[in-house]
Amino acid sequence: MTTHDFVATAFYNVLGTLPPALTITSGDTVVTRTLDAWGYDENEVQRAHGPNPMNGPIFVEGAEPGDSLKVEILDMKPTRDMGFTRSVLAANVIDPEAVRDLPRSEKTLWHIDRHAMTVQLKEPVAGIENMLLPLSPMIGCFGVAPNYGQAISTATSGAYGGNMDYRLLGPGATIWFPVSVSGALFFLGDCHAVQGDGEIVGTGVETTFEVTVRLTVEKARPISWPRAKIADDIITIGNARPLDQALQHATTEMLNLLVADYGLSKVAASHLLGQVVRYDIGNVFDPAYTVACRIAKKWLPAR
Amino acid sequence: MTTHDFVATAFYNVLGTLPPALTITSGDTVVTRTLDAWGYDENEVQRAHGPNPMNGPIFVEGAEPGDSLKVEILDMKPTRDMGFTRSVLAANVIDPEAVRDLPRSEKTLWHIDRHAMTVQLKEPVAGIENMLLPLSPMIGCFGVAPNYGQAISTATSGAYGGNMDYRLLGPGATIWFPVSVSGALFFLGDCHAVQGDGEIVGTGVETTFEVTVRLTVEKARPISWPRAKIADDIITIGNARPLDQALQHATTEMLNLLVADYGLSKVAASHLLGQVVRYDIGNVFDPAYTVACRIAKKWLPAR
Amino acid sequence: MTTHDFVATAFYNVLGTLPPALTITSGDTVVTRTLDAWGYDENEVQRAHGPNPMNGPIFVEGAEPGDSLKVEILDMKPTRDMGFTRSVLAANVIDPEAVRDLPRSEKTLWHIDRHAMTVQLKEPVAGIENMLLPLSPMIGCFGVAPNYGQAISTATSGAYGGNMDYRLLGPGATIWFPVSVSGALFFLGDCHAVQGDGEIVGTGVETTFEVTVRLTVEKARPISWPRAKIADDIITIGNARPLDQALQHATTEMLNLLVADYGLSKVAASHLLGQVVRYDIGNVFDPAYTVACRIAKKWLPAR
Amino acid sequence: MTTHDFVATAFYNVLGTLPPALTITSGDTVVTRTLDAWGYDENEVQRAHGPNPMNGPIFVEGAEPGDSLKVEILDMKPTRDMGFTRSVLAANVIDPEAVRDLPRSEKTLWHIDRHAMTVQLKEPVAGIENMLLPLSPMIGCFGVAPNYGQAISTATSGAYGGNMDYRLLGPGATIWFPVSVSGALFFLGDCHAVQGDGEIVGTGVETTFEVTVRLTVEKARPISWPRAKIADDIITIGNARPLDQALQHATTEMLNLLVADYGLSKVAASHLLGQVVRYDIGNVFDPAYTVACRIAKKWLPAR
């Protein structure tokens, strides 16, 4: 297996069927340096425009429609000391009448201490001076080219992945995306140093990273929505509005997974889900919201 | 402070302004034995009909509109070895087209081992034989009389509490409800031995409990939605459909809490929420869905 | 059949199982004078408080659960020259970010010309001086006591009717409500001189009326949601949030109606609905939204 | 002005920035023959695959981002006697629990009488033998290339238009789309012989047409969502899920239109909308739902 040092020179604001920037063998590892959500690099030089410019696409040999692309996030190293956020809750996450009384949002700077692995506001804000957050890297936007020859904005997400902004998709996580085109055409970018559930100010702490991923084709493994595993859990992800529909997609995908991969009946899968499921709200800000359906591995039967 | 042994003899399927079954002093403790969601007692004798018959109402002296009623859940002892669930995912939590292929739901029995504090299916189901769950008691439905003289079904929930079916509201939790009528008129019932997020089979493991709560009036403390604290977190709760609106209510209440109780500006509160908030989906089954907005206490400023 | 002149002396802000103010025989006619949504009478004297104080309940002899109550709106005479509205779009009907730039809403007076049967702003507003609207009376809030002993705020609506704020429910319309308690317990109030779809400023032109209705019990005629007929159409009504769910309720009720009353197969009913259905948005302001599903009578088979 | 006879030889399942099939001058007229939603032509020969293959794109000289493209639908002639529909209500338009009892949908043929201008089922279906519908042509899917270089499936819709499936967009209607790329890149297809509100069986009567449109660039006329006018009304259109959000988009666009084009204050616009607005549900089937906000021209001030 080869490790590719992928230096992106073009950046895209869509996930789509575009000319590959890199071609790799299934199982290869890629190291690449991402821009922030607004297109600035590790030296704070603007290299592209927002939203969420992507490195890619990476053509993975052998990937065909009906396969899954397995993405192991091996490492994420922050490459900049500066991160930024918006400063005010998004209008869509509070009661409509309360929006009148919200201040306007401003770009706010954060300091990322790459030695201590912490994140804090650059200028102290009264009352939250103690907010010294542990660095919790995640990839906000990644996925593969969607079906039907579509090219879809990196502002949103769908069955192919995209801007899911789900905080548990960081180092150690493995994600599977459904392949729709030859080569899968993998994209990534928009990494965050930390983010709460829902991305409710419209950003995490947006910054630049060196990301290391291993990309592997799993042949003849059709899935309908992104799936993931982390240390203790398996996960399925739905992207849609309202949250209710995103949750329906994620739950249906988990039901299908439990039936197909673990041989459970729908009744057995229902008992399991009914009493042990956990839901996370990835984002409740982007055009499509993200809900994750999570089951602890300890409850799963042997495969 | 007095401890009342409250033996309910009438059970209600609404939370409303009904004749008090017990009158107590603020700060008193109440011990009471609940029926299950379908009205059966610890001896499996039907004493009332569903949905969710309530013990109460309890009139707490001194409570007036504009106050909050603080409910400390001191203890929940299961009083029966049998619990039950529905056996199939609710139709509204999966993709509409997938509903066609769902089997019909049946009442399924579970064994509650009150010594080992575990819960498992009474009859083993293939593939999930290892599902021996720790007993995790919670109150599914509790709250106070709603405003405007309303009496609202225990199937649903609102600003006054009700059937929130949120799994973190168990022993050790403290919940505040907004008082709308003199005496607050507190109700409780519908306790679960365990439940996943969302109550997505339409039940937790439904059974009977002896519940011990301490009820305290907090004067002149207007809140708009239920609030809670647990070991490590503070919580606000929104009840509505779709999940998006429940989340708006919960987030607005948390924003108001952080501003009023901790003196944060809206910008400071937004920074805090944006990077550390956690959302839980209490239920996504009942007529009103429940979303909880949670913040770890460690991030809160000193009051 | 008797005509009752019902002079309400108590007014309720809930629909619930309350002591009857009037008892009638099925088929009797009732004439009654309503207050406006804020509780003012035809002399602008406050007689009750908002929201939407109701005349009633009227006990209709012979009505039992499982029956329908048929309500024919025979006449609505405005009893006052003054109506009022709110002056600004409700926050929930525009894009969340646009709410910041909305002015605050104020009570605005309208002149109802009871001779010319027209409605217009009392003080001219620049640009809409030509807005001389035909009087189009409707009942905003009416229905029967809900099930389970509930008493539900007149701010909202449900299967039992309530605050549907649907502009086609005026003189000449016949509405059926599902009976949940003995006597049905009919309430009405909150009449509007005119209203657009959705009640998107949060009011119609709110005023007082003398309303004449004939109330008839239809035995053993279980329905799940309100149904109606007007000159050219039959209608089913769903009340819920979001609009999607209200539409599901209304459509399901129409499907059931076409199958049960007209003997159509589900396929025949689908063909009919698919190509000729009309949907109206009753209100998109109240806690429960209202969607009406409408079919022109000319497309219906003979019964 | 020139009239172009545009014979499409390639068909697209996305609206995006693709090589123009025809370049015209602003104000020119285009006559073109469309395929049906599944890609069959007037001779029932499959020429492309679904969903909704498009004729286009048409590059309109002079169109630039910030302009609007005005599309006048001058004529729609059916070119085939056969149309088809699905036979059963879509699962998402009825109550989730009711989906279990729906039959499976099948392709059903309809006869289009091009002389009598009527549409009826090819094989009579019991109970609806009298369903002889007037031909009511409409364009289901049309619009321009979206922003950010996106190419979006013809199954869905957005600010750029797309698969709105709104029955009032037929001959005599004029629609404006926001231009995002040079030349606008106009697409059209998926025409229906008739369709109910909501497209709730998932189709109208799908067939082929010869469509005549005049395309005119309106310079420096930024709009956010499609706008239209028909004989008696002006219209704004929102595309999103749930319906609530589609309605917010449409209402916000109408508010902006009334303020910018008619000089109304937000209060005046609110009074107008509040009392005379009509909402239509274009589709409640596609990934994005469509809501139209409609105002009768007679209520508009002179411009």
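We just call them A, B, C and D in the order they show up, numbering each chain from 1.
Convention: contacts are C-beta pairs under 8 Å (C-beta built on N, C-alpha and C of every residue); 3 or more make two chains touch, one makes a residue touch a chain.
In this text the structure is predicted, and so the values were computed from the model without any measurement.
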item: Maximum centroid distance from chain A, chain identifier (CA atoms); value: C
item: Whole-Å gap between the CA centroids of chain B and chain D; value: 47
item: Centre-to-centre distance between chain B and chain A (centres being mean Cα positions), rounded to whole Å; value: 33
item: Of all residues in chain C, the ones touching two or more other chains; value: 92, 96, 102, 241-242
item: Contact graph of the chains (line, ring, star, complete, other); value: complete
item: Complex contacts: residues of chain D adjacent to chain B; value: 90-92, 96-97, 99-100, 102, 104, 242
item: For the chain A and chain D complex, residues of the former touching the latter; value: 12-14, 16, 51, 147-153, 155, 240-242, 245
item: In the complex, chain D residues that touch chain C; value: 85-89, 92-96, 98, 101-103, 108, 119, 121, 125-131, 133, 194-201, 203-205, 241-244, 247-249, 251-252, 255, 262-281, 284, 289, 299, 301
